[in-house]
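There are structures below to look over.
Presented sequentially are two complexes of subunit A, the first with subunit B as partner and the second with subunit C.
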Partner chain A sequence: MSISPQEENKAQTSESGGSNVEDLYLESYAFTTAAAIVGSVDRKIFVQLRDGRNIFGILRTFDQFANLVLQDAVERIYLPAVEGNGKERFAEVPRGVFMVRGENVVMLGELDIDKEDDHLEQRGQIHFGEAEAEFKALQAARMKEEKERAKQYLKRGLIHDYVKADLY
Partner chain B sequence: MLTSIKNQEILVELKNGETVFGKLSNCDSWMNLTLTDVIYNYNNGEKFNKLEEIYVRGNHIKFLRLPDTVMEQAKEQNMLSIEQRNRTKGRRGPGNFQKRNNNDYGRENRTGGRNSNSSHNNSHNNANNNNNNNNNSGKRNFA
Partner chain C sequence: MLFFSFFKTLVDQEVVVELKNDIEIKGTLKSVDQYLNLKLDNISTVNEEKYPHLKAVKTLFVRGSTVRYVHLSANSVDCTLLQDASRREAMAQAGK
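Moving on, here comes the complex of A and B:
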């Protein structure tokens, strides 16, 4: 993992600010395994799970499998706009202390807490139960589609790799 | 970390979407769990089953939801185990008083650093602690 220009920039700015010596120290090391997220500890992060869930919360600890512990976690569902009504929708529900088994993590990233809610202003919030039902329906439809596709592929002697658990 | 919340109620979601809610009675490093007084929820949340005890293979877990108080308890437990480790280390070699003193100085420095930082970077400090302990034990072996 080489240090990208962006990260270099960040390092310089924090150096000039003189605020976070620890950051500087950590960035000088090139972690490649699960240790790469050590810099995100005690920061707000976003995690996508293999079943399509999006979890937002403060990363408190992790281990070598990238098992994560998030505090004050929130699960958020994004849904497309209903036809006729232009607004995209979202729903969220608090999840408290949330521990994710590493193998179910697709990706995670640090959030900019100043900007994290900006995109929500263009979206309408709906009730979580409602959103969850709709989201599940969407996933079921996708599953059906993939199954059909797999069948078609198989007819032509091809294998369509689609794992049931991968709904992200 | 999980050991510190034994006997508390947690919710486990398995990879297939089934959920298990119960009191954590035991766990291991593979995240295998045994729960007691369990409510087992399957078939998309439509069916419930009450069980006395259940064993969950860690392999099959998607995520856990823990009580909010767990963070403080984990922290406490961590401190205790570090203290315990240091104490047993000190006891092991009665001959090398000098070395043990060195250890203590090191520890003082570390805690000083922690206070001045005053943020929640426990994990980093723990990592440091481990390193230091390893170094010290290495030294002792050479002597």
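Moving on, here comes the complex of A and C:
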């Protein structure tokens, strides 16, 4: 189910107040993946990926599979405070122009640029390399935990389906 | 197609989407598509601290494959209508 460039153009022009025919067009395309995302183009968004990463950037283009192209992308990792030691932490690294394959998207949202950095003020920034290492360790621990859980469930005749790719 | 149509009747209602990673997001359902991807407006999360960047988010697009539950209020659903639609769908499937 794809929207050709002309049809998408029609949808966009009718959003700015087109004729009756174009409004009809928009109605039939209202409930599509593309229609849900088109409103966020050229705006700053965040994307959460299935591997647990958060990418922040300006959405430039997308398609019906929710494949995305982000410009000025920044990858950010959030970490809890070191035990008993005050601030929660975060780390950032610029990623430039980033293309995301739609199947890896968990959710994406438009950011209010006035408020988007508020939560960072209460956090301490750390070096990305060490944040990434700690994050990967957390995920490895989680995979272990899920494997153990699956085992325990299986013992009782239940299935615990854990997909290794889903670390979000 | 049944659940796609069902969700279309729920547009503009407030729902709570529970994802497979246990995070719960409350919002107004604005759009749905054939994959049951959801678009929510005016979102708020139950567990703010795990996803601090969500405080600055106005609209959210949630991929259908990551949803575990969509919590609805009982009066959003017309059960008899839903039963009829399910029956029709089941007969259509049986006939194939």
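Everything below uses one rule, namely that the second predicted complex is superposed on the first by the 136 of 168 C-alpha atoms of A that agree within 3 Å, B and C clash if a C-alpha of one lies under 4 Å from a C-alpha of the other, contacts with A are read in each partner's own complex, and residues count from 1 in each chain.
The rule is short, and it goes like this: a contact is a pair of C-beta atoms (placed from the backbone, for glycine too) under 8 Å apart; a residue touches a chain by one contact, two chains touch by 3 or more.
No experiment lies behind these values; they were computed from the predicted model shown.
Undergrad: Is A:42 contacted by the first partner subunit B, the second partner subunit C, both or neither?
TA: A:42: touches subunit B, not subunit C.
Undergrad: For A:69, select first, second, both or neither according to whether it touches subunit B, subunit C, the two together, or no partner.
TA: first
Undergrad: For A:95, select first, second, both or neither according to whether it touches subunit B, subunit C, the two together, or no partner.
TA: A:95 sits against subunit B, while subunit C stays out of touch.
Undergrad: Looking at subunit A, which partner touches more of its residues: subunit C or subunit B?
TA: If we count touched residues of subunit A for both partners, the winner is C.
Undergrad: Could you tell me if A:60 is touching subunit B, subunit C, both of them or neither one (first, second, both, neither)?
TA: first
Undergrad: What is the contact status of A:166 with respect to subunit B (first) and subunit C (second): first, second, both, or neither?
TA: Only subunit C; A:166 stays clear of subunit B.
Undergrad: Any idea which subunit C residues touch subunit A in the complex?
TA: Contact set of subunit C toward subunit A: 4, 8, 19-21, 30-35, 37, 39, 43, 49, 52-63, 66.
Undergrad: Sort out for me which residues of subunit B touch subunit A in the complex.
TA: Interface residues on the subunit B side: 1, 15, 17, 31, 44, 58, 61-68, 70-71, 119-121, 123-124.
Undergrad: In the complex, go through subunit A and note every residue touching subunit B.
TA: For subunit A paired with subunit B, touching residues are 22, 38, 41-42, 49, 51, 60-61, 67, 69, 71, 95-101, 104, 136, 165.
Undergrad: Sort out for me which residues of subunit A touch subunit C in the complex.
TA: Residues in contact with subunit C: 1, 30-33, 35-37, 39-40, 46, 50, 54, 56, 66, 76, 78, 88, 102, 105-112, 115-116, 118-119, 123, 166, 168.
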